[in-house]
Amino acid sequence: MQFPILSLMTFIPLLGMLVILALPKDKPNLVRWTSVIFTGVPLLLGVWLYRHFDASNASVQFVERASWIKAFNIEYYMGIDGLSIPMVLLTVLLSFLCVFASWGIEKGVKGYYAMFLFLESGMMGVFCALDFFLFFLFWEVMLLPMYFLIGIWGGKDKVYAAIKFFLYTLAGSVLMLLAMLAMYYYSEPHTFDLLALAENHKQFLDKTVTLFGATYALDKILWLGLFIGFAIKVPIWPFHTWLPWAHVEAPTAVSVILAGVLLKMGTYGLLRMNYPIFPEATQWASTALMILGVINIIYGALCAMAQKDLKKLVAYSSVSHMGYVIMGMASFTTAGVNGAVMQMFNHGTSTAMMFLLVGVAYDRVHHRWIVKPDGSKGFGGIAAVAPVYTGMMAIALFASLGLPGLSGFISEALVFLGTFSNPKYQSYVVIGSIGILLGAAYLLWMFMRVFLGPLNEEHKDMTDMNWRERLTLLPLCVLVIVLGVYPMPVLNLMGPTIAKLLAALGVA
Amino acid sequence: MSNGIKLILLLAEILTVGSALVVAVNPNILYSAVFLLFSFLGVAVMFLFAGADFLAATQVVVYVGGVTILILFAIMLTQWMYRLKLRDVGSKFIVPAVVLALGLVPMLHRGLTDLARMVKAAPPEKMSEFAASPKTMEIGKALLGSHVLPFEAITILLLGALVGAVWLARPKS
Amino acid sequence: MAQSCLWIVALPLTAFVIQALVGKKLPRHGDWVSVLAILGSFAFAAPIFLEMIRSGHVSEVLQYKWMTMPGVEAAANSPVLNKAVTLTVGILVNNLTAIMLFMVTLCASLIHIFSTGYMHGESRYHLFFAYISLFSAGMLGLVISDNLLTLFMCWEVMGLCSYLLIGFYYQKVSANHASLKAFMTTRVGDCLFFLGICGLYVVFGTSSLSEIYKALQAGTGTGVTIVGVPALAFIGFMLMMGTVGKSAQFPLQVWLPDAMEGPTPVSALIHAATMVAAGVFLLVRTYPILEKAEIVLPVIGTIGALTAFLAACIALVQVDIKKVLAYSTISQLGFMVLGMGVGSFAPGFMHVITHACFKACLFLASGSVIHAVHTQDMREMGGLRSKMPITFLTMFIATLAIAGVPGFSGFVSKDRILGDALAYGMTHPGWMWIPILGFITAGITAFYMFRLIFMTFFGHARDEHKHHHAHESPFTMTFPLMVLAGLSLAVVFAGPTGIHSIDAKLLPVHWFDHALDTVKAEMGVHGLHVEEALEHRAHGLALMVSLTVAGLGIFLSALTYLKKVISAEAFEKSLKPVHTLLWNKYYFDELYIKVIIQKLLLPFTVLLAKFDDKVVDRTGVDGWATLTLFLKSIVGKFDDLVVDRMMVDGSGNVVSAGGWVLRQLQTGKVQQYLVFTFIVLGFFIFYFVR
Amino acid sequence: MNLLDFANSIEGYLLVSSILFVLGVFAVLTRKNAIGILLGIELILNAAGINFVAFSKFHSAAMDGQMVALFIILIAAAEAAVALAIILRFYRLKQTIDADEASLLRN
């Protein structure tokens, strides 16, 4: 059995959690540096993984398979392919950076970092699990630390946000659980193994199931069950209202992870389960998905424009950017889906930067108002006081509004190219491009109100970014610029897998 | 047996019943105690006629000699020598008790006689021969033969009762 | 040659990186880094230009694979379009590129030199040069790029730089608004431009120009429709919208006048010479596509004419020297687009080049005037002729060029455009009003340009204090003026007099015409094909009309502003409504900003945010919570009252009541128990014995 | 059959024992005095003894009946002793031996 790298990457943070819980309470720095180590090791493993990942073959690699519960032939089945490796790398990187970003946490440092490492192992598990049961387990495990992180270290009405986040996602995962069990039951050799389910996905076809009297096509219902579970996570339009709350109330590092990684689990889930296992249902729902994607873009952008709180604005911008991902996925074209997965990665980096930067301002001024609720000016003219901060924020902004030369543009361009080449959805692209316009509008309008113009006296003594903050942001800056110019390092990772995915989808 | 002897039995039975009646009804506890004594004597005579001579003797010794005297002691210890004329009979239960008595006796009697009739009676000559024979040796044989277990149990019971009675009645230390 | 193109772009890019990171610490804040870089680019561009003049034909295509996405050839009708996608990056060098390269690097270098003087002492001096270098890299990248996608990328990088440079004095709120407006308006054009590129991908499977030229000649892309519109028309229209956004044409022209908030060299470089010209350059590059889609060209023509005329009128009433020049730029761009629209490909392109030179000269001259008198309001200037002779002379030459006076470059290109427009008008009677508008605009241009000259340089000084301080700018500022003025002469582009009939006798075919003819053939562009005689007659007539109109314009403005014979104020009063209309720039700003943005969009977003919060969040999600709470209270009450009170306690009570009854039996009196026992015994005996 | 024979027959014995038994019960139920109850009990026990003896004679002519009667007498003695001890204790406690007073175990 070769080197179990995936299990290591998943369970080292968990080990770290235990170690941290054992550390003395009164030495926060010791706790911080141990958590740096325990997120650093997976990062190194991630780099090793990237170097040894054979980008040319589309099948699952680094497979670790052991039977877990024989009675229901549930297996401990871990493996990654082109679809999950970008996400794995993103998780590992963001977790490592977030440990530095949460250096400012004073209250309950041990608890915070313990929960944080627990969260990281949950996320790693979700992206590596290939057995639905294991996936669902990690999916739920990941909820718990998030609840505590938001609930305890959050902002003003953190409890409301934490509960809303937890219950909302849980409601979704209940549907997912039902779908999972139904799949287990209806599949011939009762199995949870995703790849096996995908292989003979024909078995779910033209079967019907009666729910509350009415009979429905089995695969459409299962598709819908999974879809709603993942849609809440993405978030797709009607299910998105937990996101602004969760972001506004979560501490900086947590909302970075929330936006950077957690949102991607929804779309990752769709691509990992809905597309391969229910190709016909996916084709049936592709127009609806496209419409939802476009709504997401426009709705998110418009709402963002009206926000007065920086973090809420960025939260809604995440909703809008995830809209591109859905649009790309629904287009069923090579460029579209590649663009979608690329956008998942790029959005991770650019939004992470934005949240970290908002956190920097919040640590100094303890408020995030562009315009205070009572109408008076929140931030204003910070460029004069904190030039480096303004520069970094400018890069983050232009990356996320899709300025060419930065990573945001690549994925948006691919999504639009892909969607446009599908004759059915050309009008959607036109509406989508309005989304880009609105995106540029609210981001730059915020940039103007917050950074340019005359300095607001309240922030006269605001200090510029210290070295720790600059170092946290540097890798993201480099990533954003490098991937903007030459995106192939990430793009060729996912190419073959997506080609295989689409081929399977097409043949159905 | 001659009628005279039978008459004695009848008289004994009437004595027993009459004194029992007095015991049950008489408001003064002292009188009822004394009449209890006579009732016991009547019963002893009935035992004699039933061929249980040793039994009659023990009846006289234990009941008449022992229990009644014990009761008298108890009465004296508790009545304060006539100071307390105990209105003895609970008035509210008179009616049910009398009804019970009148109703119960014939039923009980008929029940027992049915039982007796059901059970195979002994032949008359064996009965009279039994009635006449002295029973003390048989009782001794029975005590140490077939009834040795009850005999042992009784000894333990008596011991327990003895200790218990003494402990209960001892004066406050 | 393509390698050197790479160097041309790489130099300013590296200059940008150096300036941005360590500019502050370098001596003289690193302005020499940018200047040297752009001069280096110029040094690389010159040989290409010379090679083009000598051999008359230069063309090379270089392509690299940028992004490759594998795919499997899916079944024909399957919903999944699984073709492999490869995006390429490349360099296309042909005569157009050579000319543009030369012009852009030349203007940029001169402006770099000028700005070392003009921007002296500014606080963020090094950042200014960083942005300018990035801008030059973007513009040069655009000029050489073969692939429309990379062209789009450079296009947006330039948009970014214009945003940064317009908002250079970020303390000024007006500058911020102007930069945001500029970026957003161009962004509108860019989004539609990008849709055009997507269209190209759908039709041609690639966006590289060289391949598209070949494909067009091979006749592909006719049948396809996008969004119900014939494909090429859709693409053409989208590309046009890109130009409209970038070159501030009719619907999206609001941002250019406000862009004057930026420092003057920026206005010269970006908002006169290069960036705005890029829009037209896009039309030039993709001309074969526009020609293939017949209905797009007339639309372009109308937009060009309209913009030219409207902008020229506004320029009449402006008092800010830079605003006048800004509107004249929009007007001249309108001319170029008009030229493109009517099919005069070569003159249109020539006007791009000539305009770049003399407009840059005008802006820089106005910059040196502003630098001297520290105000932009012409009403405070006057009589600077004696104070600033060189600036006056160079500005005068440039004004002659723009006014369309023979012997100067402006006349050459404008006259040919108007000639072609007239020819077009004759052959397509429906569009006759385009040339008419063109001639009127030419006249108005002459009028307001000379108005500017007379108000600033002639007459007596209106503001003694400023006049006293006025002094000639240093050599670093006047040298570029002189070079640009030199380039404004006709001899550079056609012949000494600029009039075609005369020049044709003096020297053989001018290198410019020769270069353009070859590249037209190469790209497969037909341009306006009309019989020889008609064209000759049209050009003759156009010559007459444009000369008279220009002369009239100059004469009238001399009367009003030099001799003060016609009082401008009276004129204004009599046409009061027209004046206010022009003064408020046809209320476009109000329409866009006040109405669309502030009255419609923002309230809508606030409404939507409220809706999102109140309806989707509070009722949609928390609604479930309130529902469950409601249900909980009901179920709770039910549970408490019915189940708990009645059932449980009830039975409890019954039992305890029963208990109470039975308890009365427990009187504690042993005898009573016995009575009951015996009663029961009696029943038993009675029952069995009987 | 005349009175004498009847008296000597088993029915006679049984009639006496029934009457004795009923009077005993009557005494127990109606006596307020604790000792009165005791007397009642003694009567009941004697009634039982008579039955045993009667059946031992008239029925099986075997010793068993008498053995039981003997045991009844012994037990009755023990019982009387303990009962009186309790009564004395009760009297010392409550200065009266009215059976109704002993109702601590009431509802």
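As written, the chain order gives the labels A, B, C and D, with residue 1 at the start of each chain.
The rule is short, and it goes like this: contacts are C-beta pairs under 8 Å (C-beta built on N, C-alpha and C of every residue); 3 or more make two chains touch, one makes a residue touch a chain.
What you see is a predicted model; the values in this text were computed from it and never measured.
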>> Report the chain whose CA-based centre is farthest from the CA-based centre of subunit A.
In response: B
> Which whole number of Å gives the spacing of the CA centres of subunit A and subunit D?
Replying inline: 95
>> Counting only Cα atoms for the centres, state how far subunit A is from subunit C in Å.
In response: 33
>> From the mean C-alpha coordinate of subunit B to that of subunit C, what's the distance rounded to whole Å?
In response: 131
>> Taking the mean of the C-alpha atoms as each chain's centre, how many Å separate subunit A from subunit B?
In response: 101
>> Please output the residue numbers of subunit C that touch at least 2 other chains, ranges allowed.
In response: 671, 675, 678
> Residue numbers in subunit D touching 2 or more other chains?
Replying inline: 25, 29-31, 100
> Out of subunit A, which residues touch more than one other chain, so two or more?
Replying inline: none
> How would one label the connectivity among the chains shown: line, ring, star, complete, or other?
Replying inline: other
> Which pairs of chains touch one another in this structure?
Replying inline: A-C, B-C, B-D, C-D
>> Considering only the defined contacts, which subunit D positions touch subunit B in the complex?
In response: 3-5, 7-8, 10-27, 29-33, 35-36, 38-40, 42-43, 46, 49-51, 53-61, 63-64, 66-67, 69-71, 73-82, 84-89, 91-92, 96-98, 100
> Which subunit B residues qualify as touching subunit C in the complex?
Replying inline: 90, 93, 96-97, 100, 103-104, 107-108, 110-111, 114
>> If we count contacts the way the header does, which residues on subunit B are in touch with subunit D in the complex?
In response: 1, 3, 6-7, 9-10, 13, 16-17, 20-21, 23-25, 29, 32-33, 36, 39-40, 43, 46-47, 49-52, 54-55, 58-59, 62-63, 66-67, 70-71, 73-75, 77-78, 84, 86-90, 93-94, 96-98, 100-101, 104-105, 108-109, 112-113, 116, 119-122, 126-127, 129-131, 135, 138-139, 142-143, 146-147, 150, 154, 157-158, 160-162, 164-169, 172
> Across the complex, what residues on subunit C touch subunit D?
Replying inline: 663-664, 666-671, 674-675, 678
> So in the complex, which bits of subunit C are touching subunit A?
Replying inline: 66-72, 74-75, 78-85, 149, 152-157, 160, 163, 167, 170-171, 173, 176-177, 179-180, 183-184, 187-188, 191-192, 194-195, 197-199, 201-202, 226-227, 601-602, 604-606, 608-610, 612-613, 616-617, 620-622
